[in-house]
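Just so it is clear, A, B, C, D, E and F label the chains in written order, and each chain counts residues from 1 on its own.
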Amino acid sequence: MNTPMKIHPKKLLMIIAEAALERQLVADVKRLGANGYTVIDVRGGGARGDRGADWDADRSIQMEVICDDAVATRIAEHVYSSYFENYAVTVCVTDVGVLRQEKF
Amino acid sequence: MNTPMKIHPKKLLMIIAEAALERQLVADVKRLGANGYTVIDVRGGGARGDRGADWDADRSIQMEVICDDAVATRIAEHVYSSYFENYAVTVCVTDVGVLRQEKF
Amino acid sequence: MNTPMKIHPKKLLMIIAEAALERQLVADVKRLGANGYTVIDVRGGGARGDRGADWDADRSIQMEVICDDAVATRIAEHVYSSYFENYAVTVCVTDVGVLRQEKF
Amino acid sequence: MDPVVYFFVLGFVARLLRSDLKLPGVLYESLTIYLLLAIGIKGGVELASHVYGAIAIQALIVVAMGAALPLIAFPLLRYIGRFDTHNAGAIAAHYGSVSVVTFAVGVAYLAKRGVEYESYMPLFVALLEAPGIIVGVILGRMSERGREMNWAALMREILLGKSIVLLLGGLAIGWLAGPAAIAPVKLFFFDLFKGALCLFLLEMGLIVASRIGDLRKAGIFLTGFGVLMPLLAGSAGALVGTLMGLSVGGTTLLATLAASASYIAAPAAVRIALPQANPGLSLAAALGITFPFNITLGISLYHAIAQFLHA
Amino acid sequence: MDPVVYFFVLGFVARLLRSDLKLPGVLYESLTIYLLLAIGIKGGVELASHVYGAIAIQALIVVAMGAALPLIAFPLLRYIGRFDTHNAGAIAAHYGSVSVVTFAVGVAYLAKRGVEYESYMPLFVALLEAPGIIVGVILGRMSERGREMNWAALMREILLGKSIVLLLGGLAIGWLAGPAAIAPVKLFFFDLFKGALCLFLLEMGLIVASRIGDLRKAGIFLTGFGVLMPLLAGSAGALVGTLMGLSVGGTTLLATLAASASYIAAPAAVRIALPQANPGLSLAAALGITFPFNITLGISLYHAIAQFLHA
Amino acid sequence: MDPVVYFFVLGFVARLLRSDLKLPGVLYESLTIYLLLAIGIKGGVELASHVYGAIAIQALIVVAMGAALPLIAFPLLRYIGRFDTHNAGAIAAHYGSVSVVTFAVGVAYLAKRGVEYESYMPLFVALLEAPGIIVGVILGRMSERGREMNWAALMREILLGKSIVLLLGGLAIGWLAGPAAIAPVKLFFFDLFKGALCLFLLEMGLIVASRIGDLRKAGIFLTGFGVLMPLLAGSAGALVGTLMGLSVGGTTLLATLAASASYIAAPAAVRIALPQANPGLSLAAALGITFPFNITLGISLYHAIAQFLHA
């Protein structure tokens, strides 16, 4: 494997949300076209106060989804319109490169 | 919510540090203008040896802060000048896009 | 420390992989030129099914490596050629800026 | 006061003083699972030796009581407290359901005083988890004719939440296995119970103290509600228990259950079913006021009421 | 059925019904460590009072049996099941090794019936962990002449995996300390054992139910293999145990060990040594079929076989 | 040697052999909390039945001893070891404070030999946590006239660290509740203590072995210091204990406390208060040398010294 592989541009979508939304978010991102997702347990704080992850109601997750631009936009808009108003949710998106573009 | 939302450019600051600094770092980023932060428990290794997170003195955290350029620079420089010399700390910053720019 | 510090461009390599690979990956990234690494316990799902992190065989990690372009490519290609076929592995790379370039 | 309460106080004071004492979230989760399972098993073992017909009728009455409690709470919250429908429904759902740990402290209270109670009470704990939440959510969604609710999903969320699964699962295991087969795990599930409860209460103290800010925001009305509602519900529970033929001890526990507000099952279900409600309000009242009130003063009050009604 | 099995069923049903019940991964890890250590210590304490010469010969026979089991499994998988070499070797490695929890359920089964057994059996558990994995891996790599294998690394991976370290470490501690010195930790390591086993089985039920999809993919052959292989291996184990002079109880446990398939040590080692093998297949069979089969029906069958052979 | 020490050895050897055995960090945290709380409660229950005046005077002497210990360590480190002020102060702070687990091993040692001791010793554990750290930090910061130190914050960090909060909290609970009310949690907090200590020591063995590299870097002087300092401090402690009127057992435990070096409270506080100090040095000495030395040889030496002084 000596010829350098091509790097394909994709998006990495990061969603930080209340843990209560995990199940729904997994279903959402699959339905909206993502081929995979990664979830991390996190704690934090923001406009809606501190979330120290001490107990159930206080737990947060960070979901990461590598996908193409259209899917990222679709998911971000869905999260925005469905959850932003009532839940502690933060979304951002960044450019990444991947080796196997057919995977995402 | 059918018209595509505008993506605003922001920075994502990542600080990897000894867990002993968590309290101070949270206070620091708030004071220096961040509206929120996310913390993850991590392990790792670098110039200052392996930190396997087996026990208190060995634990590390990764703090993520979405903010504008000026705040990111301010925090990075503060972390750099206050902790870099004596603590196991790593900082990097990346470009991200967000949907609600007033939030950050 | 009042003069703004220069931000140097680097790469952030993210490897999401089965936890069984952690030891090998740590050895790999060190051997291929990384000066440090960070590891996070994650769960997720992708082409190779859901990995809920409920128990040993189901655990995943996310490894983050800040390094220069050449090292990132080298590691990505090594991970790709060594593990991609037989393990649940995802790799992506993004641009980051760092304050102390000699560190990475 | 039972010494288990001291652990709550220790956690509370430690956090107020800004100590770095913190129980790992996973320990809290593990203790929750253990306590729910243990309460269930204990109830199940006892159930084995009872007349089911009589219990079935009591069970129906208890479920009805659980469904009725939010109907007391909701109007108070909506019309006196002036909360919007969502928040009134959400808080009513918490008070309609029950707190397993308050129940456990009640059991410890009776044990210390040597008061007997119907040993199948854990069955009622399991039965009281759901109805109050369901009624509270219905009340909270009354105003929404436009948006449809996925009721099947909500029911699954509530009925298959870990509280009910572990309580009912434990009951079933205890009942199927019977006292003899459960004996080898008696040490683990029964004798260690109170120690585990101490650790759990330590964590509760830490949590309550770190939510003290929410409480301040919640205002006078909610603070009053957090004391008055358990008194109302506790009296109602004591009445129901007495009429239903429970002993003084059983009546005290039923009153304690009625008076308690849920902070395991309800928050999870309500967060999904009534997203517009501010979870800080329900938790400030349930955790910040009612829980400490019940474990320090409430239970002995309900005991007094039960004694009075049986006199 | 022993009540510990009910906990497995509870977990299984809860997950099938899509309950949100979940045991923290760390609790599972902690329980694994505890169970392995406790089994080891118990065996070590008993070992102290035995004639080592006789046990040494038995130990050799047991190791040989462990190495032989994959030689039964592999041809079945390769030539009847039509799996490729890697997958056949991987599955054979799982069945060549043992399941500590199945062993523990077997011990509970005998204890309930008051059947005596050789108290140093935990030594055999430790001895049976490795040989089957090693032989399975060798079989699975037969086709690969080109790529070299780092055998030293593999051996270290297997022999220094947590299962063997904790079992042997516990054995050594129990043996060195002896019954008197172990007495102060008897409560912790022995009396709480069965309760901890219940929680572990609850988690196993959850895990097995969430892998039910793998099982469907695995197909008819593997499902049949998951029942037939333990019957074959269990009979072989019962025969070896009887010939070796074990009691009925000891024979039952050796048969149970032979019949059981590993899901702690083997998956970790095989994942590294045979990366081409699909771990879903081995685990579907070992966890999804053989484990439930053994703890519900298998053990009593092996007991019957042991009684028959001793009659 | 007490069998609890074998668990340390098992962990140590397993890690040296590069086994993948690892205790979840959360288990370590949970065990720490449990051990601190249990020691506190035990002391508190005993305290209930004592003359406070006498104890108060002893307590003052013990605090003074804790504050004096860094004054022995610092000059050795600074002028013979040639460490800079920060590192000398940091290491002195660790040795001025105490190791709760070493104390627990000491208690197990005495229990095994049937040696009585003053049952309120846990009070001294709590009292000895802080003074040594504070004096060590002051010494370590002597050179810094320019930069100001937030002493109030440091005091809060130390006095409200989890060690002191749990020890004192436990003492208060045990004392307020008294023996009768504590009885229902005796099993959990007292009878399981030694088993939990075993698991903790297993983890300590793993940690110490994985820091063996730091030790090599630390050099000859620090290795020698890690043995000599506990001998010095232990002798001093034995003298103080004898003069203060403690029994042989109590004297042994006070010597053990003086000889032990902290690795829970001190590292956390020193990391913030003396950031320039290299934590690898303090921990290499405290964990890598002194802790194993104390639990294997030290305690019996201090016992011998105590017997000699009482003869």
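The working rule: a contact is a pair of C-beta atoms (placed from the backbone, for glycine too) under 8 Å apart; a residue touches a chain by one contact, two chains touch by 3 or more.
Predicted, not measured: the structure shown is a model, and the values here were computed from it.
Common partners of chain A and chain F, by the touch rule above, are B, D. Relative to the C-alpha centre of chain F, the farthest chain centre belongs to A. With centres defined by CA atoms alone, the chain at the far end from chain C is D.
Averaging C-alpha coordinates per chain places the centre of chain A 18 Å away from that of chain C. Separation between the centroids of chain E and chain F, computed from CA atoms only, is 41 Å. Measuring from the averaged C-alpha position of chain C to that of chain E gives a distance of 35 Å. Multi-chain contact residues of chain C, defined as those touching 2 or more other chains: 40, 94-95. Within chain D, contacts with two or more other chains are made by residues 20, 22-23, 26, 29, 187, 192, 268. Arrangement of the chains shown, judged by which pairs touch: an irregular graph that fits none of the line, ring, star or complete shapes.
Inter-chain contacts occur between A-B, A-C, A-D, B-C, B-F, C-E, D-E, D-F, E-F.
Within the complex, the chain A residues that touch chain C are 1, 4-5, 7, 10, 12, 26, 35-40, 64, 66, 94-100, 103.
Interface of chain C with chain E (complex): residues 18, 20, 24, 49, 52-59, 83, 85-87.
Residue ranges of chain C in contact with chain A, taken from their complex: 14, 16, 40-47, 60, 62, 73, 76-77, 80-81, 84, 90-95. Those residues of chain E that touch chain F in the complex are listed here as 26, 29-30, 33-34, 37, 156-157, 160-162, 165-166, 169, 172-173, 176-177, 181-182, 184-185, 187-189, 192, 268. Contact residues of chain E toward chain C in the complex are 22-23, 25, 28-29, 203, 206-207, 210, 213-214, 263-264, 267-268, 271-272, 275-276, 279-280, 283.
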